[in-house]
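Two complexes follow with chain A in common, the first pairing it with chain B and the second with chain C.
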Partner chain A sequence: MATDRLDALRGPVPPRPHDARAIAALAANPGCARRAVLDAAGIDKDSTARHLGFPAPFGQSRFAITRGDVFEAQVKANGCAGLLRLLREVLGLPIPLVAYHDAADVGAHLRHAHTRALIDRAARDSDDAGTFYDHPLLSLEIAGHTSYLEPDVVAFRLGGRFHIVEIKSFAVIDGQAEPAKVAAAARQAAVYVLALRRLVEELGHDPGRVSHEVILVCPENFANRPVATLVDVRRQLAVLRRQLARMTGVGDLVSGLPSGLTFDLAADADGVPTRPVAELAEAIGTVAARYAPECRSTCDMCLFCRDEARDEGSTDLLGRHVRDELGGVAGVDEALALAEGTRGPADGQEEIARLLRLADRLRAESLEPAR
Partner chain B sequence: MSALTALARLRAVREGRAQPAATVRHCHIAEAPMVFIPLRMAGEAAAPLAAMIGTDPGSPRLLVVPQPRDRDLRFAFAAELAEVLLPYVEGFAKETETATRRGAEPYERCLSAPQVLVPNGQAAAFTGLLGRSTRFRRAEGPYPVHPSVPVLGRWLTFFAERAAYPGSSLLVSATDALALHWTSGQSGLEDANLAALLGWIDPPPGLTGLRAAQEAEDPLLWPPAGPATDPGFDNEVLAPAIEGYTRAPTARAVERVREAVRTQLEPTWRLVWRAAELLRGLPAGASVTRRWEYDRGAFTEFLGRVAEGGPPQARRDGAVAAASRLARMERARVSFDVQRAYDDPLIMAEYRLTGEAFAGEVIAADPEHTEGEGRSRKLRPLVTIRTVDPVRLAAGTAVGTPDRRGQEAELVATDGGEITLKITKGMGRGKTPSPGAVPAVGERVCYTSLTDDFQASASLPDPDLTPWTHGGPPEEWVPDDADAAEHWE
Partner chain C sequence: MAFTLMLEIRGTQGRHAEAPATLPAVSDPLDALERRIGELRGEVRRAVKARQSTLARSLRGELRKAELAWDDAVSAEHGDAPEPAGTPSLLPVREQVHQALALLGVPTAARLVVAVHEAFFAGGLSAGRLTSLRRDEERSFRTAPFSRPYYLCAALTDRLSPARGLLAVSTWPLEQRIVGPLSHRVDFLVSASRIAEHLGRLTRAGEDAPPGALRLLSRMAQNIPGAVERFGGAEPQTVIRAAAAELTVHLEADTAGRAGTAERAARQLGDVEQLFGAATLSHAQRGA
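Then we have the complex of A and B:
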């Protein structure tokens, strides 16, 4: 069974749940078998990378965390009164009356069941009053494990549909925000849309009642006043579905791995990993990675994989553009040997070898007078 | 990205050192640029935390906001920044020359212009945000600020906007300028780290570029070049210092914040000056002066606008303004690309790779070839060149050459690696060519179909006549108190 194999890979620790950001990042590098296996097995990549001596370069400043919390609290204050004003005024949505339910009222262990009940009741109800659901807890099955997800707010019955509301503290200045941040927010919101659609469907309702348009709430200009924007996440949803379907097929990847292989950190009673680093690195090395410089913003393992790519002399190190220009030649030495003519092209490499030879000659000619 | 630059990256990996991406310098580097390194408070859009600024590498000025969430302190920072930047900028207004334009009145142009050097692209963008948050403020009314603040906002906006024009050197980002001239052995994403990029280009003695770049990624050795600060520094050093100031805003508390940010800024200060020095070490490309002339023109024009007390730049362009800005930027892009190719054989090699240019040796020449009879008889020398480049130019294509920039030629015939050209422009009126005007047998020449011919941009209507398809005439912006009072929390 694939699940048994995945459990063995992880060792005797509970699988690490994925949050929406982690699930969204799965779609960032779909070609990476290492990431697919580690995530499917629920392995704590952060601790793994740390133990290997390559801690991920992600840190969050206290200032940024505080700012995010303050802004979210402000938007949600007084039963989301501010949010209601935004939806009415900015998006021009007719919302007659608004109820507010805090799904966290019941205590953490019951939140998911409570959310389910609230959503079910809303979907059955025929009156058209608006409702905000604060602190909902959704779930999504990832390769056999359930991950729990916490969208900021779910708003119901804006044009007869459920909408995910995502509150972010990056600013929208004169109608424009940083594209990378908007893209990340959209990917994350798509995870919530998918989870809510699955829930609505399980409850026997039409999943189409969950809108593919999410409401992004950000501070406007340099003030703390929030502004709302509708963001269409259909494209992100499609990528996410494809990637999740692929992860279900992770069994094929796992069955090819040597038996007895494990990425267990062998933590002692205090939770300190005792697994010899070289042994762990070798174990991880049996599953091929597909490093790209973009991994540095999405994957905890990025620096380990970069180091490995460097040792292998892989052209992945230099980015996808370079790799594309090299017609997929994987090794730095191999590509240089083709360019310098010290190595003949293999089958199918004739074209790229000719181009590299030409580039080599042109470079040499152009640099001559400078020397 | 092309096979040529890909190859340069591979070489850099093997040699452990950055490889040249240009043989000449393609940007202007002032004798005394103003280096500006801004830091931003994490989590905020445009809350300045500190800045190091100055024109003398030996004596930087450090500006600090001891509590970046305090609006008054932010405006005090802006006023202090204005105190440094505005005298520098206005100093260039003193000396002017009379410039002439074909078909237009002569005008006065400043002999030189200010140049602001920032560490990276994010710092350039942050400069724009600082400009946006200060240019609408007013010295009178409900939320008065120091009169220099709105002027500073206009200038910061001007610099940030000019940075979007390819080839402009009024605001230069060190990483972008370095990457234009050197190719490192890491990815383009990693090149955005100034310390790492400089590590590849100019590693300290005894270190390879790779090793130096690795060290540069350690925020304890090399703090980030901003505007974002290292989260570890924020949590462990900066936050307690700011809390100390909030508890008791004494001179000692301010000093503690100052010393904390100084440690983060000083290494970058040295790096930006080192970058300027390395760039200055390259000989200037032939077109750099011309592009700097445009910059001087743009600067002079804006100087006039500020002096007349013109309104601050709009938040968003109207339809006509946006279309004309886009056209100017596209035009600048084309010019910059073509001029760089003409100035630099290594850039021209990119076009030789794609068959838009070729180089070779002259194997035959007929310098006195003519066309037409009698009075309309014209000198049209023929030149045949042998090349091994993969030429993809058809007969009839107009070509130019970096070696004789006033001339234009036309491709007459290609026969394998032998190409015959007819020189059609720039031969003068004489019956015989002046000595050296026609390439002689044995000379090495290069021709390309790239031209930097002036193309008049599409004619755009007056803003008042903007058609309804584009939103109709834009509303005229009238400054009001709402703009001046805009929150900056």
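Then we have the complex of A and C:
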């Protein structure tokens, strides 16, 4: 039932498969109904945003992608020799454990089945098990569609548990990395952990054997030498689980939408969208968004939602922190009116109105000498 | 035979590498060099006569260096700059790859083949030219089996399918071309010590160790426990010792695994499959 509705929303095009980055982005803004519906329906958000006239300046640069690939190849070269050193140094992996399995040895069409067989064998008897599983292919069911995911490497045998290894090319300088990038990597790794846990559970083993600690490999300082860190992704896992549960419960969101609503781009034979832009914008507008400045690094629809939030004078534009502080005040205009005292506080707004007036006075005082 | 060839090619490259250090401004250094070469020749002759082979060898090394410097000085004076390094070699790609593989002696990824070739042999070998190599060799073998002295072929996994991205030589015994779970590590350690051995061989022959090869060895040694100090480059002898120490841990299990798979491959596969691997569909189920 809900699936039919989602298909109607998407129009006569195949659903877009999700990759780990997209699934991780879901967890980044769990409150956004628009994103939940568009993703559940498998809608191509990029071309939708493009057609609406708000193409997102989005995606990695070619150079960054090349750099990432080169660094990953360096860490994985010669049967993960570089990674092996890191695990020996950082996690005390014993010398005899070096077995390396490549799940891609069987050819692309059997990769997923082979990954299953390898993981099953590893979980079953630890004598024959490998230490590294390269090029694994995992699957995760999202709102009725199977998405295939490719973690960088799965490591086993660190205390009899599976660890996801995530290789990223941003630098860890003096033990510190950019928090936003680490958070994004952790979210992405959490997707892999979840997929691997589902697989292990399906095979009849304890899902707890997949560790919630992922191994993040990054270049150290200003050189290209890799360094490994353990990152705990329990929080990201919880958010992700909740978000995926919401997506299966997306039926509730969808049933509240007017019937006959569709986000179909009505592409012609050449794939050029012919749907009138205003009509599409109105259709999208019926599903509420929850814009936050962070959306600009994770969602294709970000500029459209930002524009909408601006038109409405919404406090979302100012970031989550401000929005939460201004709880109960709907828009920027209202907040300004409260601050200047041109509008009396409604019931329950007394406290925030007092704070806003105080802030206004402080601002006026600090600007006074300049005049 | 192949070794002499390598040395000669290496010699040509060494000349280019040394060029910037020995650029003379006028003819005086040339005269000095010629005098020095003359003296050295005399000393070599006397040392050989006196049967002092060690001395003679080191003198020959010095003589060769002086001659190389003289070559550079002459060409610099005439204004024809030495060709830039990385000019395409005259050898076909498969010969170049074979050179590198003969040095390493184990199935090797294209990336390392290129790195080794760059470090030890003349001429640029680009990774892009290696992509279709295995397929071309297979086609050639299928049309006229065993008509070439060697083929560049695949390494076989324990399911007898071709291993991804590894190149091997058809003249190697089958078990050398098998990669089991431990073989990636074993082969890595073996190739590191082969590179170190070859560096030692070059130094003993009076050649300068090519800086590229030392860098390559240092990079590999980083990933072998006990092979390198925290700072500074790798020492070939230390690398060989450290690699051998770790090899003793893995070698027995790996050899047994390889022998078993090789025996199965010899029994189940035809000529073409033994070299280029079995199609994955038919054997994937059996291996599981």
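To be clear about the criterion, the second predicted complex is superposed on the first by the 327 of 371 C-alpha atoms of A that agree within 3 Å, B and C clash if a C-alpha of one lies under 4 Å from a C-alpha of the other, contacts with A are read in each partner's own complex, and residues count from 1 in each chain.
In this section, a residue touches a chain if its C-beta (ideal position, glycine included) is under 8 Å from a C-beta of that chain, and two chains touch if they have at least 3 such contacts.
Since the model is a prediction, treat every value here as computed from it, not as a measurement.
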Original post:
More residues of chain A in touch with chain C or with chain B?
Top reply: B
**OP:** Identify the partner contact of A:A245: answer first if only chain B is touched, second if only chain C is, both if each is, neither if none is.
**Re:** neither
**OP:** Could you say whether A:P57 touches chain B, chain C, both of them, or neither, answering first, second, both or neither?
**Re:** first
Original post:
Is A:A81 in contact with chain B, with chain C, with both, or with neither (first, second, both, neither)?
Top reply: second
Original post:
First (chain B), second (chain C), both or neither: which does A:A171 touch?
Top reply: first
Original post:
In the superposed arrangement, which partner chain does A:L355 touch: chain B (first), chain C (second), both, or neither?
Top reply: first
Original post:
Does the superposition put A:A269 against chain B (first), chain C (second), both, or neither?
Top reply: neither
**OP:** Check the residue A:A99 against both partner chains and state whether it touches chain B (first), chain C (second), both, or neither.
**Re:** second
Original post:
Once the two structures are fitted together, what part of chain A is touched by chain B and by chain C alike?
Top reply: 225
Subject >> In the complex, chain A residues that touch chain B >> reply: 57, 59-68, 169-171, 173-175, 219, 221-225, 293-294, 296, 310, 313, 315, 317-319, 321-322, 324-326, 332-333, 335-336, 339, 355-356, 358-360, 362-363, 365-367, 369-370
**OP:** Quick one: which bits of chain A touch chain C in the complex? Just the residue numbers, please.
**Re:** 73, 77-82, 84-85, 88, 95-96, 98-102, 104-107, 110, 113-114, 117, 130, 225
Original post:
Can you name the residues of chain C that touch chain A in the complex?
Top reply: 109, 111-112, 157, 159, 161, 163-164, 181-182, 184-185, 187-188, 191, 220, 222-223, 225, 246, 249-250, 280-281, 284, 288
Original post:
Inside the complex, what are the residues of chain B that reach chain A?
Top reply: 1-11, 13-14, 20, 23, 41-46, 129, 132-133, 185-190, 210, 217, 229-232, 234-235, 239, 315-316, 345-346, 348-349, 352-353, 359, 389-390, 486-489
